Amino acid sequence: MKLLQRERIDFAMKLIFQVTGLLVIAVLGGIFFMLIWNSSAFFSEVKPWDFITGTQWNPSGDPIRYGILPLLVSTFLVTLGAMIIAIPIGIGTAAFMSEYAGSRIKNIMKPAIEMLAAIPSVAIGFLGIVVLSPGLASIAGLSNGLNALNGAILLAVMALPTIITVTEDALQGVPHSFKEASYGVGASKWETLTKVVIPSAAPGILAAVMLGVGRAIGETMTVLMATGNAAAFPQGFFHSVRTMTATIAIEMGEVPFQTTHYFALFAIASVLFLITLIVNVIGEYFVNKFRKFHSS
Amino acid sequence: MKRLTPVIEWGTLLLSTGIVVFFLVVILLDLTIKGMPALSWEFISTFPTEGMTKGGILPAIIGTVLLTLITAAAAAPFGICCAIYLNEYAAETWITKLIRASIRNLAGIPSIIYGLFGLALFVQGLGMGTSLLSAGLTLGLLSLPYIITTTEEALRRIPNSTREAALAVGATQFESIRDVVLPSALPGILTGLVLTLSRAAGETAPILFTGVAFYINNPTGYLNQEFMALPYHLYMLSTQHHSIEEVRPLAYGTALVLLCVVFFLNLTAFYIRYKHNKNGPRAH
Amino acid sequence: MDQEHIKLSAEGVNLSFGSKQVLKNIDIAFPEHQITALIGPSGCGKSSLLRAFNRMHDLSSNARIEGKFNLEDQDLYEKNISVTRVRSRIGMVFQKANPFPKSIYENINYGLKINGIPKDQRPGIIEKALKESYLWDEVKDELHKPAITLSGGQQQRLCIARTVALRPEVILMDEPCSALDPLSTLKIEDLILKLKKKYTIVIVTHNMQQAQRIADKTVFMYLGEIIEQGDTGDVFNNPKNELTGNYVRGRFG
């Protein structure tokens, strides 16, 4: 091929990569603008303050209420429950794998965790209905087990792989010299783990927790299937709740397009987007902090 | 007492690990044991009959396979091109850093928001209606951030000296990418792609309002029509059916088939990675 | 250097990456069919200078380069010049052997293919290049094995073969032996001495003995500037500058 022709192809391909690259970025950026655009249509009819502080979500009632607070509290409740369960188990498992387990156990655990991460959320939600909630109901003496606790346990299962993997990376990143110094002054393995390794991996572990929180807040199918979806203000772990994601999933299929209710669901999505964005940015901040700390 | 403490300490960690393993085992065993009786050649090769209480799930299997293929066809070229642009061409400025950070964050936003975006953009904005194409493109968007991130990682693992080697013998930048960089990065790119598709195949929320249907009676596969999919089928059978208890075995069967599809894709990805690590010059 | 024919030269070169200046006001000339060694402590800019000649800095977006670079009468940074053409006239061998992840044969064939050498001529050129690099006898029976299976020294000779196959006018070498054992190093030095008959060679090296063994001219650089340049014997035995003397006697670096 002639040199000139090759250089023309080179130039054309550079242009193609550039244009597709920027196009993709523009489309992904479009998500943000779509949310703002549709939410602004909602907020021209309902005051943001009423939306955030309203304690009733009843878009088809009389009077119509667009209060997101019960949904926010529901999401918060199941996420909190999931983290109470998943954080200690996740850190414990990561510590076991990183500090105690031999390579044979590691070689089994790693794929096992990847398998757990691969299970679709709808399958987890299904098991929540058929296995976990009847169990919870009989233990707690309830008529059914479709409540916040049920959702929290399932979300914990789903957040665990993320928390374990990122925490283990963080623990592995702690320099050997730190541990040797600790053993050198006569500390036991456990003391080294709790007083040296975990504290110096703290930013990485916080990042792991944040990623887990993000996963739990944004999960739709599991909570939709397993928490009962009562629209009332959440009462506690043993009551049915209805998260932001579940509300969008339930109602979007039924609302007429371009109505206030339709735009209200986009407004919920905007709040959800904002929350997960903040959680992710915090997570990223800790990841970077951890990297900087250990590369210096 | 002093002798006992290490046992307790070790036991705590072992217990956490045990709980994780317990979760996985329960999930796999329950789905397998109760799903197996439903599985038969008929189950995966026929249409549902009698209001979903009998028959198979063929259209849901076909729907999920087609959906995944559309997702791959839509997302892979754009995602890989975008990653090449970012890693090979774009100058390393604060704008590129911001773009990268945004893409990483987009991978973390809830999948149902992609569903809303697909509804606004494809179903309504571009007039595609609720259809296989709309849903596939929506899942494509969901997959883009993952594909871009994993492709960029694969490209970044190729040392600069490899690029320079090609340039030094007179290759243009595009030739060095096409002939040297991409072939070396291919296993990494494929692994990321297949893992992303396995995630997309199991997704339900983004297709809820973009095209999935509980039942279609014509042979599936038209881009402009609604379709059935395994995850949604499982959701409907387990929550929305009029005789939930009666169809429970079918729900278990569907769950097991879905799990098999997802694990098959995962195993494919691990196989690519394993083979590359074994043969590849740069193990990582 | 008046009576020698100058093959490659640079004048008034300044190079910076972002706010960090790595080359300051460099004037340098390389005579034809001679080996010139660039020496100096790490970070003195010798590799950066070398890479500027075949425009390897084009890829780093934050590099700012000024000055005049000439190959014979050709301005290497002229606006409409083809970078690809420049690079096929000025070959380069890198610090760490970087064969393509392809077979031994394909490693040399690739450059020929993209540069439009007709298919029927390539096997002959490949054989010749491998012979010129003293690799032929070692690999002639396994040309289609992956290049990565060769030893480090063999890989580096393959990289040299890949470069000479394209018949460049100048070969730039960036510490080609720094990752090799002494025996492989000697083989490569031998090879470089033989290549000098056909090519103009510029070599960056950390190894004082190596510079003395193979170089006709030596250039000593420090903190982005040329401190001293001249015949190798003079630079090593009668350095005019105190800094040069301290460096070649191993006082720092």
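For clarity, chains are labelled A, B and C in written order, and residue numbers in each chain start from 1.
In this text, contacts are C-beta pairs under 8 Å (C-beta built on N, C-alpha and C of every residue); 3 or more make two chains touch, one makes a residue touch a chain.
Quick caveat: nothing in here was measured; it's all calculated off a predicted structure.
> If I average the Cα coordinates per chain and compare with the overall Cα mean, which chain comes out closest?
Per-chain C-alpha centroids compared to the overall one single out B.
> Write down the pair of chains with the top C-beta contact pair count.
Greatest count of contact pairs is found between chains A-B.
> How many angstrom lie between the centres of subunit A and subunit B, each centre taken as the mean Cα position?
17
> Between subunit B and subunit C, what distance separates the C-alpha centroids? Give it in angstrom.
47
> Where the CA atoms of subunit A average out and where those of subunit C average out, how many Å apart are those spots?
Computed value for the inter-centroid distance: 53 Å.
> Scan subunit B for residues touching two or more other chains and write them down.
Residues 172-173, 175.
> So which stretches of subunit C touch two or more other chains?
In subunit C, 84-85, 114 touch at least two other chains.
> Could you pull out the residues of subunit A that touch at least 2 other chains?
Counting only residues that touch two or more other chains, subunit A contributes 6-7.
> Contact residues on subunit B for subunit A in the complex?
Those in contact with subunit A are residues 5-6, 9-10, 12-17, 19-21, 23-24, 26-28, 30-31, 77-79, 81-82, 84-86, 88-90, 99, 101-106, 108-117, 119-121, 124, 141, 144-145, 148, 172-175, 198-199, 201-205, 208-209, 231-232, 234-235, 238-239, 248, 251, 255, 258-259, 262-263, 266, 270.
> Which residues of subunit C touch subunit A in the complex?
Against subunit A, the touching part of subunit C is residues 82, 84-85, 114, 116.
> Which positions of subunit B touch subunit C when the two form their complex?
Subunit B reaches subunit C through residues 91-93, 159, 161-173, 175, 179-180, 183-184, 281.
> Looking at the complex, which residues from subunit C come into contact with subunit B?
Against subunit B, the touching part of subunit C is residues 54, 56, 59, 61-62, 84-85, 87-88, 91-92, 94, 96, 98-101, 110-111, 114-115, 146, 148, 159, 162-163, 166.
> Spell out the part of subunit A that touches subunit C in their complex, as residue ranges.
1-3, 6-7
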